[in-house]
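Both complexes shown next keep chain A, but they swap its partner, so chain B is in the first and chain C is in the second.
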Partner chain A sequence: MQEKNVAHIIALSKELRWQIGDDFHDSLAESIYADASKIVEGSVTKGDQKSSFRIDSKIDKIVTSKIWGFPLMLFILGVVLWLTIIGANYPSGMLAQLLLDTCHPLLKEGASAIGLPWWLDGFLIDGVYLAVAWVIAVMLPPMAIFFPLFTLLEDFGYLPRVAFNMDHLFKKSGAHGKQALTMSMGFGCNAAGVVATRIIDSPRERLIAIITNNFSLCNGRWPTQILLATIFIGAVVPSTYSSLASLSAVIGIAVLGIFFMFFFSWALSRTVLKGEVSTFNLELPPYRPPVFWKTIYTSLIDRTLIVLWRAIIFAAPAGAVIWLISNIYIGDESIALWAIHSLDGFGFLLGLNGVVLLAYIVAIPANEIVIPTILMLTVMATGIPGGEGVGVMFELDSVTATADILKAGGWTLLTAVNVMLFSLLHNPCSTTIYTIYKETNSAKWTIVASVLPVVAGFVITFLVAQIWRILG
Partner chain B sequence: MTTYNPTFALLLFLALIIVLYFLFRPNKGLYYLLRKTKKSNAKTIIEDILKLLYHNQASNNALNVNDLTNHLKYSNRLLIENVSKMIENKLLFMEGDALKLSELGNEYALQIIRAHRLWEKFLSEKTGFQKEEWHGRAEKKEHELSVDETNQLAALLGNPKFDPHGDPIPTSTGRVAFKKGHPLSELAVDTVGRIIHIEDEPEIIYKQILAEKIYLDSQIRIVEKDDSRIVFHSEGEKFVLAPIVAGNITVSILENKVLIQESTTRLSSLKTHETAKIIGLSKECRGENRRRLLDLGFVKGATVGVDLMNPLGDPTAFLIKGTAIALRNNQASKILIKKIEHGKTTT
Partner chain C sequence: MEKQPHSACDTCSHFNADGLKKLGVQIADFDFVVALAGNPNTGKSTVFNALTGLRQHTGNWPGKTVTRAEGAFEYDKQKYKLIDLPGTYSLLSTSEDEEVARNFILFGKPTVTVIVVDASRLERNLNLALQILEITDNAVLCLNLMDEANRNQIEIDTRALSRDLGIPVVATSARHKEGIPELIQTISELANNKIQCTPRKIKNIPQNISKAVQELSASIEKEYPEISNSRWIALRLLEGDTQIVEALKTGTFI
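Take a look at the complex of A and B:
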């Protein structure tokens, strides 16, 4: 009896569900929303916001106008980058002076005073300490300038307007306008850029932004580009134009990165990512004067220090590895030399050399230590005088001295161009890889984001090398 | 590297790229072809035959074995082999030379169609695949879903009655909703109706319909008709279609003139300094997109105005509930509004 009743009720409910039709979920939800908004209309009173609204719309008219919108945007981004790169030079130099030139010898002296064995001293001070000190000196100042500036613009309300202006371009490559912001953030630091993609709430576009963020030339790579452009590109043209030529080369690389970002966004959204859900909306919040000190404080704590901490954690073992491979011998060759010789063939094919490839392998934790590692390995591999000792990274104050070492290592204009290209197109640093994993929670997308740029780098440098050699 | 020669290396690389291209190019690459032939087993062929017969039986078309070879892309031998297998298993019987579905065959065919349409619904609600891809993907998936999986899928989607093209989805007991409609190409001038179905095959015509931004559930009025073209108004826009394209759109005629809302337009047509009241969201605005718009306040009865035009034309920022929200053109075209004449408010 009981069971018969239940069966009857289920049958009845099925019949009613059939009759009620398809849309009842939607209509129910929509009427709840509509009711809620009616209640708000009737019961919530708002103060007079007319005057602030008028100022807002005036600013909006200018920053989104056909004539002023884009020049203004480029100008502001240019100023921010200029302040970051030029402004960071001085504190960077001071930090390097303090940590590398003063503390390092002191530590060495201290170590020999207490009678530390040479291998422990080398491993800890020349390896771990030096890598960490380097990362701090190169990374901290630009981030401490870039992030607060960026956060101020964000708080003021300007950045959403940039996303609004740029969306049409990004839409064409299947991406979200807000990717303009995460991309710009990537110029500061890719790991921070990846974290910033949280502002994109559409799953597909967010993945695109994460995977392509590495194509923004980050702070750790600008110095490499500037150094190589100064030494090799600047030397090609008459000296009056040399700074102009090297500047254009660096900007050219950054623009090339943006081009690759658009290209891979387009390709990803049409292939592997086409099944991910895609939505769009963009809120344009009212302008408000940023709370200056609070912004500075939070951007330093939230962005700068967290990223720096992660970088240090990854740089420390890298320093150890760099020192170890140069000091552990298999037969009569150190691991580093052996690796350089086995990578030389492949490196030549790409217009690079074994030293560069090995440097990029051991310097995965931080792009900042690529040039010091290259210099150290070059000195070791060629046996020319100079440097600080086996396994000790160094950098030279004089550009000409750096140029001499690189040229002694067999570098040509082609090598320099391809290292610049490869510096743009290679796997993200391990801090970024780890951040990508944390943000996507997926090994698959982490691997795609790590492997895609390095494959692109191999292909591009290979093509450039072959065509260069055919033409030259 | 004694034999190294840049030209040779470059050519070798290009050759490698070409080989990879032929192996992996979508749908035509060797890799896909291999996977395909592995999958086109007896089950797929039998199910395709059942579907074809079911659809033709619904339109009172008798098919014989020859017609099968014309409609399906399998070889004669495979088809004949499988038809005799199906007759053995009592899925089919012969009436003269025409093939007929048995009760069992009918049930089976409905299950396949159910799986197909549910999967299309799933793709439309829960994934980001383009409309053009739904049909092709469902064509593959329908052979893979078991009865249990199909029922779970239906429960997940809230037991929908219609697929995203407007086709009825059979229930697990084989019940099919019925909609009465006419092809758009056969309607007389001044007829008012509602689009209830957009056919997704052949793909070339479907793509044209999609490009025109013609949406399911839109109300239309025919304004002009001759042999070469059909013109109709819908949601404040004018559409011109060739009869062959219009034939793939099914319209149910609205007799009750009270329901007719000629003043309904799309939000995408709103201009600066105009305001409007929202009538609702189009049926074509689905899944996550629909929920997001509702969350932002694009609900029935809300007032909306243009806040900012974009220097590049798209997206546009709309003022809703005191907040500026930018929407892309293709989203705004799926929000239906009624413009408010300056000063006076209409209800």
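Take a look at the complex of A and C:
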């Protein structure tokens, strides 16, 4: 007798629910509150507590003010990015030297010493090893700076203020105010941002937050933006202003992403995901001085290493694929060359080229490897000297050398701008896609979330390219 | 540096510091299940880390823990599995995080529930505490962030609070590891039935509702005489909670 006969209880509950009426929920909540306040009356005495509350509310007045709120947000984002860009340069260079200039030749020598066949040596050392090394050299330093800074801000209590500032914008676009928090998480990693949407109660608003999270520029895409902005945007202005110009360009792309997030939230909530905006209480926690070293430690362990590990796991097979498609021939053309040539026409329409499009296909597992893939494919397609051989991913010692290769590959300012735009507006990485599927449990919404940004990217880059060419 | 006692209790003979072992994620063969519940941003994850020795990331924003995290510690040769539930303001709504918390306390039947509250915001936090006490009898109120409350010159009479709520109250400041030994001691006494709780049930419910609840819980108790939280189940039934209806059929909450 597993199933108990409870039909009469359920029937009774339905009848009683009818009797007590609609305000059941509210009056229950009210009586709980009344109870709580009575208990507190008997046990809590408050002294003169104005002082510390005054400091908190003074900070809040500035941080969430209508005039200063947004400029301050941009300023803080700017400072964090600036520290990341400047600070990451040196350790990146050192790691590159160690892993690429020192270890790589050693490995090659070791491989020939034990008589490894050329294809296995190329596949493992030039493909897998170099991809992993590149990801470590380029990603570890900025992450080791960006994540702790972000975590310190988080521990201090700034994130809820960001949510507070952006709440009415999200509301206007028909989304949930807490989406501001998931958006902020997305700036670190979109997969983490998608998981964070669980704090949103309504399924409709949660779906909107999941679908549009990809418009938060993630950690794997910041380096691409920074590199291209430094090479192409910084070069347009006099050299004294070049770092300021490239920094503004990167922030501009991030803000554009936020704009697209609002736009698509608005569009979705007006069409397929119609519904009421739900209200919620957002508690502004007190400012707490972060426990500095502990925060640094946990953010390094929890975030940096986990994201890095993921990047390595995906970079290794991608490196192998790049090496394979450059070394397997159909007729007298390698698969890579054949793909580049077939994609060139479409790429031209978008102000991009076949190399970029192929790189974005190869780099679906991890956004971090887009730039090295582009460089490698460009060297191969143009036949210019440089790099280490066919299908070998490499990192160039200086930004100028990277610039030379890209320019030899036919890059113009338009190409750079459009790659920056396309880096913002393209499909999420495979981890994020998988996370979206796990969170929504729906193939349909996973496809929507994956395809929507690519289509947006095609449309925007196409428009920019056409207008640019007409005006230029 | 590690030799320094974090609080007077570490050196007190009543606190068995040698009996405490932080087990991190080794959660096999536990004797008791302890749930950590509370409002968002009250430092549940910090308490969790202090108890288990784990370093789960903590953040100063409400809603950081969206899934439940698990860890373990050993005290006096008994193993405790600890579940860090997502922070919620109440247990009455339909959002996923509240559902996780509500269902775990009801269906997971933790031996002890630690209700973590922000001492400076006690009134707002008690809202959730009172709801939890409707579901479970064995609970302890962890009055966390005491350092902030002291700085704000808020004084709390823990004995009066404990009497009013009918459960033990422990003042802590988990960030600085203060009060954690006392909390562990209280959890162990609760788990071994050395402390009896007589939790306060929600009063002041309007006449028509309390009559309906009484009638409904009486009929539930007729079918399930052994349960103590029939009032909560009645409240959920009036709310139309489909999971409760399902559980009622199969009797999973016993």
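FYI, the second predicted complex is superposed on the first by the 304 of 472 C-alpha atoms of A that agree within 3 Å, B and C clash if a C-alpha of one lies under 4 Å from a C-alpha of the other, contacts with A are read in each partner's own complex, and residues count from 1 in each chain.
Everything that follows uses one rule, which is that a contact is a pair of C-beta atoms (placed from the backbone, for glycine too) under 8 Å apart; a residue touches a chain by one contact, two chains touch by 3 or more.
Since this is a predicted model, take the numbers as computed values, not measurements.
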For A:13, decide between first (touching chain B), second (touching chain C), both and neither. second
Which of chain B and chain C A:432 touches, first, second, both or neither: neither
After lining up the shared chain so the two structures overlap, which partner does A:326 touch, if you call chain B first and chain C second: first, second, both or neither? neither
With the two structures laid over each other on chain A, which partner does A:216 touch: chain B (first), chain C (second), both, or neither? neither
Is A:42 in contact with chain B, with chain C, with both, or with neither (first, second, both, neither)? second
If you stack the two complexes on chain A, which partner ends up touching A:465: first (chain B), second (chain C), both, or neither? first
First (chain B), second (chain C), both or neither: which does A:34 touch? both
Which of chain B and chain C A:25 touches, first, second, both or neither: both
Which chain A residues lie in the overlap of the chain B contact set and the chain C contact set? 17, 25, 29, 31, 33-34, 37, 46, 49, 201, 281-283, 285
Applying the document's contact rule, which stretches of chain C touch chain A when the two form their complex? 40-41, 55-63, 66-67, 86, 89-90, 92-98, 120, 122-124, 126-127, 129-131, 148, 151-158, 160-161, 164-165, 175, 200, 202-206, 208-209, 212, 215-216, 219-220, 223-224, 234-235, 237-240, 245, 248-251
Can you check the complex and tell me which residues of chain A touch chain B? 17-18, 21-22, 25-26, 29-31, 33-34, 37-38, 46, 49, 57, 60-61, 64-66, 69-70, 164-165, 167-169, 171, 177, 201, 203-204, 274-285, 345, 348-349, 462-463, 465-467, 469-470
Spell out the part of chain A that touches chain C in their complex, as residue ranges. 2-6, 8-10, 12-13, 16-17, 19-20, 24-25, 27-29, 31-37, 39-40, 42-49, 52-53, 151, 154-157, 159-160, 178, 181, 195-196, 198-202, 281-283, 285-286, 288, 290-291, 297-299, 301-303
Under the touch definition given earlier, write down the residues of chain B that touch chain A in their complex. 1, 4, 6-7, 9-10, 13, 126-130, 133, 158-162, 171, 175, 177, 280-281, 287-290, 292-294, 296-297, 299-302, 307-315, 317, 321-328, 331
